[in-house]
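In the two complexes that follow, subunit A is the common piece, with subunit B as its partner first and subunit C second.
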Partner chain A sequence: MSDAKVEDPRANAQGRTPKRRRLSRKFGRSLVPWLYLLPALVIFSWFKFYPMVLGFVMSFYDIQFYAPSEWVGLANFSRAFHDTQLMVAIGHTALYVIAETFGAAIVAFFLAFALEGQARHIRFIRTAIFLPAITSVAIIAEIWRIFFNSAQYGLVNSFLDLLGIPAQGFLTDPDQALWVLILMSIWKNAPYNMVIFLAGLVSINRELYDAADVDGASLWRKIWHVTLPGIVPAISVVIMLSFIRGFRVFTEVYATTGGGPAGSTSTIMTHIYKVGFEQIDYGYASAVSFMLLAFTVALTLLHTKIKSKFFG
Partner chain B sequence: MKTSLPLRVAKFVVYAIILLIFVGPFWSIVMTAISGVSLKPGQLALLPQSPTFDNFKVAFLDMRVWRYLLNSMVVVSFGTIAQVVVSALAAYALARKKFRGAAIVSLLILSTLMLPEEVIAIPLYLVTIKQLPVIDTSIYNTYFAMILPVVGWAFSIFMLTEFMRAVPKELEEAARIDGANDWQVFGHVILPLIRPALGTVLIFGFIMIWDQYLLPLVVINDRDLETLPVALASLRSDPSITPNIIVAATLIAMAPSVIVYLLLQKHFNRGLMAGAVKG
Partner chain C sequence: MKQIWVRTVLGGCLAAGLAASASAETLTVWSRQTEKSSAVVDAVIKAFTDKTGIKVETFYSSVDFEQRLARAAAARQLPNVVINDASQVGHMQKMGIIEQIDRDQIEGADKVSDTAWKSAEGSDGNYYAVPISAQAFALFVRKDWREALGMEQPKTWEEMRALAQAFTHDDPDGNGKDDTFGISIPASSTRGYASWFMSHFLWQAGGGFVTKTENGFLPALDQPENAQAVEFVRGLICDGLSQPGAINATTADSLPAFRSGQAGMLVDGPYDLGEIAKEPGLDKTEVIVLPAGPGGIAALAEGTSAYMLKGNKDKDAALQFMSFLISPEAQEIGMNVGSEVTPLVRLPVNEDIDVLKMRNDPRWEVYQKTFQDYGHYMPSVPDWTPIRQMTGEGFNTILAQCDGDIPAQLAGLNDQVADALRDQDVLDPSYN
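Our next item is the complex of A and B:
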């Protein structure tokens, strides 16, 4: 903070500060912050900034292994607009993001409402249902593959059987696979959102509820007119974060269906992975990556703007 | 206030449904893992049938889960510690020092919060394969390739910076008058005061690194170096393995993050709020 002010008394106490030493100390002191920053700067340069620049440059080239890479200008970018597989993947991603975001927000809202309070059993339930949220995506994916096994004796199919519903294909059915993934993400993310909503609920002024009681408001009207407006900031945060994270969904899909069956769960990132690591077309994959990045940055900036509107 | 009986029953039913949906699945996983009866693919047990721990033994030794667990442990422990150390040092400079370029540095670091790691997967893969600048060696297919990229995390730098800013200036001044040098102020004044924040950063770093999937997938090409989440998929594709053993392996993979969460739960909730409100 204010180093100069702090150092002065000591310098006076020692009673000697030759001009040259003071100069070199001044220089040394301006170097000190950089020494603390050095490890972080090295790591960030190597593994964030340099790859980012490299990826950006590559997106203007046709990268070839045994021949010099060829500058193709914006060809990789314009190619993206004619890539029907990419368009399908964008469609899946958009559906995934929207359904997952609103699904997880609604479920989380009910969870928060049901599990508000400090009673011991409620705290226990809150801790317990956080299990999906802290488990790795790849592990959740393994678990869901087993639950939603298409066999008659699969766990979910057995339950459906009890209700008289015939066995479903789930992850093996092109019409259902994406929805199973959406359900999986809602299941994993709702407890996360719940915690954010709970903080929003705590911040609501209790007197508003009392005032509503005095006015004879029903439970439903209290939720609609007091609770919901009170947690609007929390809702906006949850929705925007989920949007930003959702567009780069990869592990959820790759570890369950790998984009199948018949490409029915391909997303932008699984498409990039396929183009980059299976077809080894780094230039084009980088171009699509950068378009995704630009989109994410735009969403993040929008989020910041909305947030500052609400939080002042 | 006494709640009426119907309301209490209704509440009980709601709690039961919530637990059934969010925890029930894990119940069947545990039951299947401790069942001695071998099941068909996709089949799960709801109650233990001839309970045994053999599945864990087979998974751990025969399926070499110990090896993948060891890899994950190496990556997560070195990665988390390095991340917290690097972040704390950087945060100290950003929070408590005035220097030319501070604004640009924090802007650069902050901007990576907007950068999804997935987007730089391909260049990152190429960076690890090629000779890294300055040290002139390739880290592809080594632990370093999984550890070093996750050491730099803007979230933890940002979080620690915020907490270090909140430490009153007077404490630092008092220490300096007592003759403490910069390093001592950092180690004996600032760090002890932000211990709760260190806990938060630790648990988030742990879970973030434990969750890594794409990175080990692209920078490792040797089955013996695979981390547990990546290795699970290859285990599953082996047709000779029964679901009992796969779920046992899954439970082993889950254990560390569950333990860390239960131990550091308090810090976790605080970090969640900070992350939600700040970005």
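Our next item is the complex of A and C:
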């Protein structure tokens, strides 16, 4: 009896403890990933999400810096629809995004197609071609300003001179500046897209090419019927990233033309910068920024939906 | 572990305590200075502390100064005194961060020239700053180039253009290459540089941005004189007499274009004298009064002011500091004579100081003369910043379109300026 009495509590204790331990272990296990994530979460919340929310709140105010800010409701948002400079900037940005996205995607596709493979010299060339993608935009902008110097002795103008073409204004010509910037962005972004396409190309089943060969398909037929359908996910990623990146283009413009000449390269972001940081109108700048964010999110969702509907 | 925590907390308390006790006795001064030029402000401040025993904490930045100030205002942590461009007065007044200044409270206020006080005036006629330095713009010319080509110093627009043509086409540096240009122009819209640059020429033509009337301001850009000025400058750019890329250039681009021997003329203030003395060199350059346009000689006048910010607990200390800044002692230290570092005080505002006696340098004489006889301040509308921005973009557009219809383009810009004046409630009602 006494033995049993002594054993009983032990038995009870043994019976309870594993259950509790299991619970706490379970809890602990689910907690651990969060603990690992905690530093990143805190940093992102504090430096990204909190300012975003604050920016959204600011867009409803006429921000005063010392006196209390004045609530203006949706006035900042409605002002955007009558802002002719913003409309012009949206036009430039749209042209920039479309031309840059397709230009960079097409160049990248052919680069990837040409540079697929494992040979050592190909790897070397791939690395060389990838370099613009990892170079700072400010540095690239400075290099392009030198390349496209409008003087007779500018690098590109010297080449044109050899071909008998007169010196061009490039970044100083309102009709050419935006196109020079688009060309610069294609040069910078095509290699990045190329890497995504290369990953897509690897995943295509080689037997499909063999089957096409047996059927006597030409190179173009193979590209059209085998390669392109095979890399739809890669194309989708490239287009989505280009769109998001393109709509918030800033450094490329700011470091080369500052939005000029004659406002011909003003984009949504340079307009926001001017309104926010040069005219110090934080409320309106926040409202336009938020609209740009909402538009980008909507575009991304639309893109995902179209992709899943047509390409599974 | 526990010990570390205790130490950290104690250390923090101690630091906070020190900061609290320090803030009660110290003055915080912010100024837009570069790393080099801040030494001059430090010297002035040291003299102030030695004299009064009031300690001063400083913060200097040459980039994004206004943005930093805006953030400090939003956080309700404004400094006590700010030393910045005089032209910021309207903008800072609009932000609601500066105190009105009573001239009687500033010791030695009567020694400061009325022209200088004018730069500290708000649109309501009250003073919102204490002027501590003044400056005007003049023309730097490559003397060696000019003499090599046997040309005279330009006194009129025509002579200036002729010199620009000679610098561009006649190989003034004698290197056998067609690689030089007449004049270095910052015509970018960024920060309104194009507006800054055009201002001299508008006044030289006899025009201007706006006209002050009894009932406010009238936009004046549609006057034919202004069209003449724009046409003259557009000709320099469109005929290839300015440095390549002038239309996108800020002053960060136009100064190197002159210094490196790409362009032979530069419109600039005295703050770059030191840099230009280093390269291309004193012997190769000269400073002359800006050439006269059809309306005579004119140049933009600017200044530096000290502002007292709101939320000041110790106004007396701030007033003492501002009074000290205009005293002969501080003005002399601020002039930093004998050094090529950009001085805090370019032309002294204190009339007791004879700049020419102190600076034995004919280049300074040109600046002094220009300021006194030909200086024009930007118009004192309540907030000039949006108008500078708008006209900067407008002039950039006009200068970029070599075959544009200048009078029509200026008329469009004039309407925009009218809208901006209306927004600020200072548009003369007679404007239609």
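Everything that follows uses one rule, which is that the second predicted complex is superposed on the first by the 261 of 312 C-alpha atoms of A that agree within 3 Å, B and C clash if a C-alpha of one lies under 4 Å from a C-alpha of the other, contacts with A are read in each partner's own complex, and residues count from 1 in each chain.
By our rule, contacts are C-beta pairs under 8 Å (C-beta built on N, C-alpha and C of every residue); 3 or more make two chains touch, one makes a residue touch a chain.
Everything numeric here is computed off the predicted structure, so don't read it as measured data.
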Which superposed partner A:174 touches (first subunit B, second subunit C, both, neither): second
Touched partner set for A:78, first subunit B, second subunit C, both or neither: neither
First (subunit B), second (subunit C), both or neither touched by A:187: first
Touching partner for A:66 - first (subunit B), second (subunit C), both, neither: second
Which of subunit B and subunit C A:149 touches, first, second, both or neither: both
Partner chain(s) touched by A:257 [first = subunit B, second = subunit C, both, neither]: second
Superposition-derived comparison: subunit B or subunit C, residues of subunit A touched: B
Contacts of A:248 with subunit B and subunit C, given as first, second, both or neither: first
Touched partner set for A:205, first subunit B, second subunit C, both or neither: neither
On subunit A, the residue positions that both subunit B and subunit C contact, one per complex: 145, 149-151, 153-154, 277, 282
Subunit A partner contacts - residues on subunit C that touch it in the complex: 64, 66-67, 70, 73-74, 76, 78, 91, 95-97, 177-179, 188-192, 244-248, 250, 310-311, 385-386, 389, 393, 396-401
In the complex, subunit A residues that touch subunit C: 63-67, 145, 149-154, 171-174, 256-264, 274, 277-280, 282
Residues of subunit A touching subunit B in the complex: 1-3, 6-7, 9-10, 30, 32-34, 36-37, 39-41, 43-44, 46-52, 54-55, 58, 111, 114-115, 121, 125, 127-132, 134-139, 142-143, 145-147, 149-151, 153-155, 187, 191-192, 195-196, 199, 234, 237-238, 241, 248, 250-251, 254-255, 269, 272-273, 276-277, 282, 285-286, 289-290, 292-293, 296-297, 300, 304, 311
Subunit A partner contacts - residues on subunit B that touch it in the complex: 11, 14-15, 18-19, 21-23, 25-26, 28-29, 40-44, 85-87, 89-90, 92-94, 96-100, 102, 105, 108-109, 112-116, 118-127, 132-133, 148-149, 151-152, 157, 169, 172-173, 176-177, 179, 182, 186, 207, 210-211, 213-214, 217-218, 229-230, 232-233, 236, 243, 246-247, 250, 253-254, 257-258, 261-262, 265, 269, 272-273, 276-277, 279
